[in-house]
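Several structures are given next for inspection.
Heads up, the next two complexes both have chain A, just with different partners, chain B and then chain C.
Then we have the complex of A and B:
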């Protein structure tokens, strides 16, 4: 493509299309919406971790002035939803399975009345023994959380039973032989806590039913299509009866991918015949949406004395919470990433996912990978220490490169990992580092590498040429704040050689947009971008057909010219505009120009000649982006508090469509990863989440965040990617905990294996190290 | 229970109903039809509901509507328009600092007040001044850069 000079073309950091409405408070989010005659919803949450629902008494709530409807599980059928296992009703039915689970809902004239009314609902429960950890859940005499698990619909070959939701295993090579070849083995157990997504916008939805009984639903979401599927499955509605739309989204990091309150709100709207809006409070959002899984990872790596990694055995135990949600995918993905970006020939990764009586855990930026990365990448540093080798040199000796295979056997068509490592090494002055030393503080530097997919499942794009030659793009991909509307528009503009402001982008709508699985798995730039390029190519073909007839020349003589023109090669003045062509198409010949392209990622994750997989939920996964991060930390000797003082992030994104937005993803991912590494932790006292508030759950602020956050974009073009692009949404978070942990080791000579690395944990380890020496 | 109060918001008078516990945030969003001020936590922590009262930044979720009578309230809708953004807004646009935008109204208010008080704010002053406004998308660096740019542009 040669349109680099075109305003807003690929490779330029143009401002977000919607930035003016966002900076001036004009952007409309779900909580800002209303509809004439609208009611307000509120939920009642379960006080029990595990209990049978014996009876409801809603009479007092219904009698309260202003209350229009009370909804309980008895009012709904037996429909169940779930991304991988259909195990969840729209609202608790027969049983509650965690403290905070929505168990009844009210629609009332005001939010205040609705919130008061839910407290008047009387529910009689029979409390059951609860399962609070995966270990408890796997015990022989454990209470069973889902008695009918065997009967649930599953979309993958789940190995399940009792409270075991799924067991997945991947292996390649010969593990015993690999460990026998090793000169030494490093082993460890690593634990990571639940992390709250904490998009600043709480979840909510607004639904209304028309006279024919069809429902229109607006909600905070990452996929209007997953919302539609979840609502329709749980309420037993045909998908033709529900239209799912999106306002602006106030951040989504996985928490808005699957359903939250949408099924409840649709049920209330259908029962009352009036629009209903329900916005969760911050506390409710903490307690009943979803969070990152608590995980335990056992990791064992075998190494030759020359630094060659020969074997790795990884065992993962994942706390599912009460419902399956995206968890089987998170488990499978973490196992696929457990080898890390290294050519280790003999690997086994096995994991179990176990129901517990806690909130459901689900997708969160990184999708299981940050936890196995923390284990694997700190272990690489342990190995380097054992070998007295530079941790970067050890990595370089073992990393994958273009043409190598990933765990499972898929071939890497592009890999810029070496360039990432070299760039981070040089920018951070790793080899000649001379860290400033402050009395009472210890400074250190750490490195970690990572890879992440972009890909998965189906997507599409429709490109139309309007009467005046303007271009209308419609993809169904929700821009959750990461900037995909802008990036996809840039790609469309580049492909058709028109300015960005000559392209409009449609808001996703299940009635009018082509299917898009969702804004997740770092996939929109890569998968939807490919669809956009394909649809634009189809439009170009139609434009050329018209132009050839209009200028009476052959197709081969034509060229696309910047500014919406098709001309005859070598004849500068001879051209027709998109405007002229489109008028002809609309009124005289051929019909309006519409191009579309849909596709599904179809390259297998597993090459059966190289690897064996059991219970893997995604047979086709994606292409790989790569990263190498170096961080500098300063640890306070008195308090144990670790601060990140500087960081260098090099990420191979294939091609940066909008470099400014790529930096934004890297920096935002880094800081969210820093929170996961150092401060963030959801804490349960018995079955009750005790810190569901921003007062007690600490996310990084400006003061916790280094201003020296250096981003380095590496472009190892992906042959199949749109303009060579791969995804960048998640990878900025993945290596952060490991890099920080390795820096803390460098600073203090302690090795932490549990997140978050909060001050008391650091201090205790420092004291133990001092006493031990 | 409720009484009528007249709020002066962005230079316009809004007659509103407010009880003893009605927050400024609720009144702005539900009665004044000014939804630019966001409810992120309703606990005074996230800063998304920052507005200016008498020129000073406050948390609208912790401020009682009745306490704002006879005081000048400025919301995000009053500090700039899409066609004429203020210096902070323009700098946020130019640096690509905005992602989801949900914290942005509060950030703009906090930064505008900060630069009012410290027109020559350096990076450290800006980091301090914005430390009570949470953003989960950006990692803050570009926001701090933007406010610094706004300060430099205003000074020159």
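Then we have the complex of A and C:
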């Protein structure tokens, strides 16, 4: 397709469609919404990590003027939700399983009254021994957090028991033989902390029941369909009784993919018969939504003296928190990524996911990969140092290329990793680097590579031609701020050769939009884009049928012309417009033009001839994007504080539909990865999270962002991708901790294996290195 | 959220009277701290007495002896950029310029900040290093307290109930002295993990006078005359610096918190002192 003259076509960095609405403050987020007669909700959070609920006394709260309803677990049935394991009630029932868990809720005339009233609820608990780490959870005499785990519904072949939620194993080749062939083996244990998503918008929801008993639910979310599923499963509602919608979303990063307060708000709205809105405070959002898993990775890599990687053994221990949520997926995905983008023939990756009495951990940009990447990519550098090889040359000797297989056996139809490495190497002047030296500082450079999928599960698109020839696009994909409305519109406009402002994009609505699993897994551009292209092709087919009849010619003589026209090839003036065609379709022949396309990613993750998998939760996963990052750090000798001074990011995105948005995703991913690497960690004192605020939990701001943050887009087109595109939402974060760690090693000759690499850790390691030498 | 009323008197007398009339009321200066605490539900004052229209709290006054009086309602931005500090007094503008971010610096005030006495805040150590005096006003009159005596304990000052910070008097610094504020924070704009505020006067190749205060490493800023004296007469060589630094580190009373451990804070105090002395080397050469 050409389309290069069309404003906003594929490949152009047009501004976001909603840019005026957002920059002028007129965008409606969940907290901005209200409804006549609306009540306000508030939650009471558990003070215990693990306790049996003996009784509730809600009389005092109910008696408070302005209070309309108090909800507890006793008011609801035994419905349970969960993406992989149905283990979670709408609100704590029988037991509480972490400090901060919602255990009761109030609906009242004002938010102030609601927040006051929850403090009047009396709950009698019997405190139980708590499990605070996966190691404790696996101990023989550990208290059991979910006594009925065996009975829970699971959507994958989970290997579970006790507090073990899932054990997953992936292997290929012969591990023992591989290590026997190795001339050098590097081994280490790596620890990474819980990271808060910190979307700028905290979670919230507004539900209202109509006279027929049907509920309309607005909420901050990454998928109106997952919201619908979670609410209906936990409350025992048929999906036909719940309509799930979305206002504008202020970021997600995985936090809003599965349920937060939506089931509670729906229950309150159904019980009171009035609209109810509940917005979590920042502290509540920290304490009871979800976060990135604390993880321990044991990694062992074997190499021959010529730099050929021959074996890798990875063992992952993942803290699940109190509920399964997306954790089995995160575990499986981290194992799939543990080999890294290298042709290592003998690999085993095995992981365990263990319940603890902490908040649930779940999906977060990178989905387990940044942690195994930190382990694997720092080991590559250790090997390079041992072999006295350039770390980039060592990587180039082992990387995957188009046509190679990924761990498990799926074939890579496109791979621009070599181009990424070459581009980052050249742009950063890696080979002739002469780093500026400042007194009191040490500078170093590091490199890391990564891959990430885009794909997974079902998606669809509906494209309609309106009476005047305008195009209406409806996909069900929630734009959480990353720009998918714009990108999908650009693809639709390109496919039909119409200007972007000739296409409207519908806000997702479970009543009217085709199913979309969600804005997650870096998938919307790739999977929903394919649905858009398929639906547009169906529309084009119908348009051509009309045009052939209207101009009395054969289909083969027709061509799509820019501006919403179909003409006869070789005859410049001979054409009919979408407007004329659509009028005919609406009023005379054929019926209104509607095209749709749905599909589900169906390429197997595992080729049984190449690999063995047990307990893997996703039999089909996706296509692969690739990245190579070079970073420069400056470490302050006085404090050990490491600052990233320059970075070069090369990412293979297949095709950049909107290069400006792609760069934005790369930069945003980098800064969030920098936070994970250097400053961010959720800290518990015993069972209590002690830094659930922006005062105590620090993410990097623009002031901490490197002055030079170079983005390099590599386009190795994915044959099945829409216009060749693959995903970019997560990959910008994945290699950042490893690249920074490798740069710190280069600067200070220390190697850290625990994140965050905060000043204290760096300084202590520098002192040890000085004393050791 | 629960606060029922707010008044905004135009004179200090009216403000004090209003606070006296309504027990449980709180003075609202820039709101950078108080409003955040109210939003977090940590304080619930019955009423707020906003000081923004009290003009007498806003200005600066240059004194005949070279000192400067700063009104309590001076915004951090004004202290950082628009105050004619001289010589070592500049420790205050260095500190003010590193408070939080431009938004907070445009709103937050000198009086509001020091009345709260967050040990990680930037003014306390800088005021002690500048040997400043806190001007306090209350129903029974005014009084002055040295900065060292003003900061009493964690989040506690010498202010009595019903009293307000009216301003700060910064005495003239020694001619040719250099002021500097060295801050270590997790990210730009965070409270200090630890900080070093200092005024140093060189005479040729040796230090003639020094006043050092450590911030972020205990309930109040730490100043030890003995540590100052260890530097006087030396060329700020690493030996002298590490001796003074170690003395300060031993005397510090830091705690473990989410910003850093107590051990780390003790470890970096001497290192930050040495870094601060290195940072002022260009100013010294220029002087």
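To be clear about the criterion, the second predicted complex is superposed on the first by the 773 of 773 C-alpha atoms of A that agree within 3 Å, B and C clash if a C-alpha of one lies under 4 Å from a C-alpha of the other, contacts with A are read in each partner's own complex, and residues count from 1 in each chain.
One rule holds in what follows: contacts are C-beta pairs under 8 Å (C-beta built on N, C-alpha and C of every residue); 3 or more make two chains touch, one makes a residue touch a chain.
In this text, all values refer to a predicted model and were calculated from it rather than measured experimentally.
Of the two partner chains, chain B is the only one touched by A:28; chain C is not. Contacts of A:683 after superposition on the shared chain: chain C is touched, whereas chain B is not.
Contacts of A:699 after superposition: both chain B and chain C are touched. In the superposition on chain A, A:759 makes contact with chain C only, not with chain B. Annotation for chain A, partner touching more residues between chain B and chain C: B. With the contact threshold set out at the top, residues 281, 693, 695, 699-701, 703 of chain A are in contact with chain B in one structure and with chain C in the other. Those residues of chain A that touch chain C in the shared complex are 112, 115, 281, 283, 439-440, 636-639, 641, 679, 683, 690-691, 693, 695-701, 703-704, 758-760, 763.
Remark: chain B residues 29, 34-43, 45-46, 48, 75-77, 80-82, 85, 89, 92-94, 96-105, 108, 123, 126-128, 130-144 touch chain A in the complex.
On the chain A side of its complex with chain B, the touching residues are 13, 15-16, 18-29, 31-32, 197-202, 248-253, 279, 281-282, 480-483, 660-661, 663-664, 667-672, 693-695, 699-703, 705, 707, 709. Touching chain A in their complex are the following residues of chain C: 1-2, 36, 40-41, 101, 184, 186-191, 193, 258-261, 264, 267-268, 271-272, 274-275, 278.
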